[in-house]
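In this document, chain identifiers A, B, C and D correspond to the written order of the chains, with residue numbering beginning at 1 in each.
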């Protein structure tokens, strides 16, 4: 079984399967019917004591781990229904509040309107490994949500709890390098989501050379399992393409000669923590650690993919969007349909101004339903206070790069002095911070 | 400055002062008026972004640290009032719920009824050292509560958050011994609440001999500062007095010869975490670790103080409680008023049956307003599922022991097989688990 | 570059090359002529002070690292000649001893007869990384010895020093498992000398399953670079073949069910430490650690290759050794020349008694020039006090196994109670400890 | 038992006693007669095998630990005599060398002239804890040497072995601070030899403030027991008195404001390693680590005692040394006999030039039998390449300071650029590096 296969297997079996294989959890106890488990959960909620609660919580989680997907869905439906709110209790509390509105009656109403599953989740979390299992449970729930949108109230409650438990103050940043234990490194291989790590030698090339760094966030309840990690390349200048940055044979730079730190890959590791944000804390903390280690660093920048650009561009090229593109541009872009265009110098030159215009519009003008930029990576970095610094039209000519962004990559600049201002302007007014070079690429309008 | 003075100083300056002295926090920034800080808090709540929030949260916490006690009270009152619930929002959500009661409208009502300070606390917690400062803030709040009971709603919110953050799954148990770093050991000296540790040599006697153990719980956000710790003596038999157990000159027992582990001191360390329970988890985990290290251990037992017994007994001896005690008992107990009675064999013999009767009643019959046993230590151990095993009438003849319990100590037995049953019977029905020997000490009734 | 290639590359470039690649040493300074370096060495020896010595030692070692192989040989010859003994000094000391033989004059003679290079080596060892470079220097010297046997006096001095520096008391045993840092694990892959580790997945199969263990010795001056390691399989019974033991798909055994610990691979890692023995310390210590972790283990045994058996057997089959084998045996062994014999049941049955006889003679009767058994692995284990327990005629049917031992493997039994007795009988009288089953396999003689 | 008492007890019972108390060694086995132990040692030497040797070495060392002081002396005498050289073997080897002088015959002569105890020590060192016991054995031997100078040959052999085993390359420098384990800190208290540490609070004042540092050397075979440590104060300027530097109430300096690192106390910890030098390595390495942590540091300097100055000065004041001091000086120095002179401003002013002259002569002109400066601290620092920078006539007005040096302290400057040159000039030609200010203090001569 080679690393590529392993990584694929990992992806397909999910996190729980992986831990099973690693022997970190055991399929304890005998299988149980969903109804029995729901009774156990009622029981867990109705007793006040913690001592017996821990054992009962453990039983429930062990039984859950053996459920089939169908049984899980049944269990989620019980969470949404039976373990939802107690309407009688809400009505009474609402009435008491109406009669005498005060902090006290509001507090009681607040508690009365809390779905019972919240307390259930808190008690399940007391079992050894409880947090781990609840995070995995949410992975299942997210999958189930697609066909049962009504389960979203359950998901909201998990998000609320996880936001509290995975609070930034409880996270620990650790450097990942070639002296990191193998069982953690193999997760880096499996979790890398941006530029695939093919095998251990590829991994070594990301970690061992003097001009490479990698940092990850860990949480004490998910021992040795990273939440998110970022890969960094140290360079002289801001890079404009991913190929040379990752080339196997490149001569490494001495760290003290670097002036630029490039965050070229950021991967979330836990599907079950989707929507719980710690990415921007990681970037900020990593930038600070790097600056402390290497005071000569002046620029902190990403080299980022543009995952939705190709789709957006193709939509505009469709005949029914005639107004989206001037005819000349539309014709120039037909070159994209020629296989191998990216290696053809003439084609590249012809398309350069057209692609640049389109890219600038994609970032600066296109908006999704929430009035935010279309691109999810852009939303992440702009939301962190970064600035869109440069368009690199031919930054990723790999098949994946051509497929998802027609080769386009961009740099987001983290200017530590301006992060807060950019962030607030974006968060409060949707302002996209961009360099004047990017702005100038927008089409001129009469 | 000797250790005794240090420990006293520690007690008087509180946790924040200690950390200031240790250089672990700095009085950053300039002093600010409470009104300014309240504005900052409004600002923190009204912006959505995390990047700028962290800095603002840091400013608020730094300013709070410089507040006088009066300013703190003003700040707490703002938390109770201005940062309380939004009545308009509650009313609207209550009305929406009334029109269409569902999980969704209930969830919205739940959120609407949440006081604004909860979100404020969560955002303050993003600042570096935020958890630490919030725990300290609650220490101040508990002090302020005495004169301002209306602040209790604020306290409720902190308790709710801390219960989530200091969830058992995030705690780490560590052995404390003579190889533990000094800055942690000095906290053990300062925090020991049951049997004072006089100096470093006294500490060494609690940690270094082969028949001593000490374990503490730590939380990743309160680095190197224990939450609770338990001191253990390994013995052959269940001990009946604290003096010999702590004697400086006693010959130590080889650990492998021990059959009994005695939890003789359990100290909570963080006033700001009052009411957040982890004691019983610690005891259970320590019992398991000891059993693993020393499979020959058969008995897990405490040697515990009875802090309210003297007060309770004196109340019954008062003339206006004539019915509480038979005349003969009342007369026998007059010996307690003779100084030095505890060294007088005749006096001890005379009082033995009377004190035993009273002690049995104190534990088995006396109840507080909640229908629970009067004694707080008893409530803790019984609530954990332990059984009251033995009354040791002359277990602590130190001045403190005579003053608070007329010498009485007791053993609570942790029978790992019966913990859950005892616990449930106590939690659900108030049943006090006690050995037949203790039960027999109750007065016979016609 | 896959792992197999990496491992080959490692083997070919030697230890120094590897460390260069890993960036652990730098080719400091400019190249220097051998004569200059020899002058530096003279200088280092002639000054008494340590402060300047450290810098000078560092210069010499850095220059040595840049030497070509020829320059190294020239340098070794200077060590053998110029930095040899001072004959005048010896003669004077010998004369003084002759006139007055005493402890004092003997001590002076002892010092006078010490070659100057010994003190040179001690001073070189003061440079940072000095031990590492001296160990590498001996690797070069061992290579050079083949063509220049006169350098052996230099080698003797290095052996003397290394025996002292790599004293067992300074070694640390560490468990190697899947949580070990990758830069150490990759050395395990590269150094494995008995049963090749093909890639990281193969490595994982040796480390991660619950019935596998691996331990290595480390020295503080060779940080993170193991000296020797042993791989262990936990089994129910003593195994008779390597194939099933290493099979990728075998179901692992729960550690607590194991009764036997099998040392199936022992690899020395540092060519430069050849002849410095720590193998038997490692085996003894590992046996003790395993017994402590798993008290149910009853048997400690190897599954060992027999590297010289095929060569020895073929020599006996040659026509000019007519007396070595009875004609019937000789004929039976002709089956060995048929490709695929090992899969032919009839052939195996026919040869079984013949091979068993030969193997018993190989171990019990054949002797090398020193009167010791011919087999180097046998000398190692018998020297440690182990007993030759069982012949496994078809224990290794891999191409390598067939080539070097015609499939033969053996078990050496480490009976902790008898190790010392076996060892002394072997060391003092050359007695080969063997089970009665092995002894019975010897040919009956009239 | 307070810390002062503990420290005294430590000093009186010696290292072995301390480890006994700490339970780190056990008095294993039964007591044995010296003759039996000598037989065991003969046995250990005569067998070649290591497996049985380890056990036998352990027996010998355990028996030694139970010896009385008299038995130890008997054992040392056996080491000096019976385990000395083999005269017959020397004579044969000397004859062989005479007939054919070569590297080979010299090597054999070298080995033949080695006393048998050297090999004995090497084999004893294989036992667990062997190095520790051998170091302790030398402590006993040094004590015995006073009455039996003939044992010096034994001591020479131990020094030879220890120099090899405690080679700088095997030492690890560790920072000691308030987070260091207590069992190590208590050794710092016990070992501090220059400025006594009175108790744990005094220790904390040396370790915890931001302007204090402490570093120690450790060896892997003496786990957790430091070999030598140095205490450092960070200051603005070069200090001229110890009192203010150690004052309990002084306000600490922020580390980043420091320009000077003051090595104010260097303590050797292991009597058994007397004469094995690592002090100058420690100072150099500490200076480098400090420079790395605090690049603003410009000056590395000691504040050192002058332990023999009072004795030397008093000898010159004796009437029979009339020529040593001009009459005026002699009279001025009579003020030293007035109690309290050091607090009398007039007296200090009167004596200043006289004391300065005497101090300059003490350092620059006085010589011991080996032609080296009289002062042992001076020999240590000058030998390391430091320069005598300043005389501080009233640097230590404590009773101890007045008693041993009439208040005099000095600064030795470690100028990293000049260390090597100073060191060589001192080592090769006895040149004392001194600032011009010190030189100018010498009496003017016609």
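Operating definition for what follows: a contact is a pair of C-beta atoms (placed from the backbone, for glycine too) under 8 Å apart; a residue touches a chain by one contact, two chains touch by 3 or more.
These numbers were taken from a predicted model, which means no experiment stands behind them.
Chemist: From the centre of chain D, which chain's CA centre is farthest?
Modeler: Of all the other chains, the one whose centre lies farthest from chain D is A.
Chemist: Measuring centre to centre with CA averages, how many angstrom lie between chain B and chain C?
Modeler: About 59 Å, centre to centre.
Chemist: Report the inter-chain centroid distance for chain C and chain D in whole angstrom, where each centroid is the mean of the CA atoms.
Modeler: The mean C-alpha positions of chain C and chain D differ by 40 Å.
Chemist: Please tell me the distance, in whole Å, between the geometric centres of chain B and chain D computed from their C-alpha atoms.
Modeler: 50
Chemist: For chain B, jot down the residues that touch at least 2 other chains.
Modeler: Answer for chain B, listing residues that touch two or more other chains: there are none.
Chemist: Taking the touch definition from the header, please name the shape of the chain graph: line, ring, star, complete or other.
Modeler: Here the contact pattern is a ring, one closed loop where every chain has two partners.
Chemist: Touching pairs of chains, all of them, please.
Modeler: Result of the pairwise touch check is A-B, A-C, B-D, C-D.
Chemist: Note which residues of chain D are touching chain C in the complex, please.
Modeler: Residue positions touching the partner: 47-52, 54-55, 80, 84-85, 87, 90-91, 94, 97-98, 101, 103-104, 106-107, 109-110, 113-115, 122, 125-126, 128-131, 153, 156, 161, 163-165, 167-170, 172, 220-221, 277, 280-281, 284, 383-385, 419-420, 423-424, 426-428.
Chemist: Report the residues of chain A in contact with chain C in the complex, numbered from low to high.
Modeler: Within the complex, chain A touches chain C at residues 1-3, 6, 22-23, 178-185, 199-201, 204, 208, 210, 224, 248.
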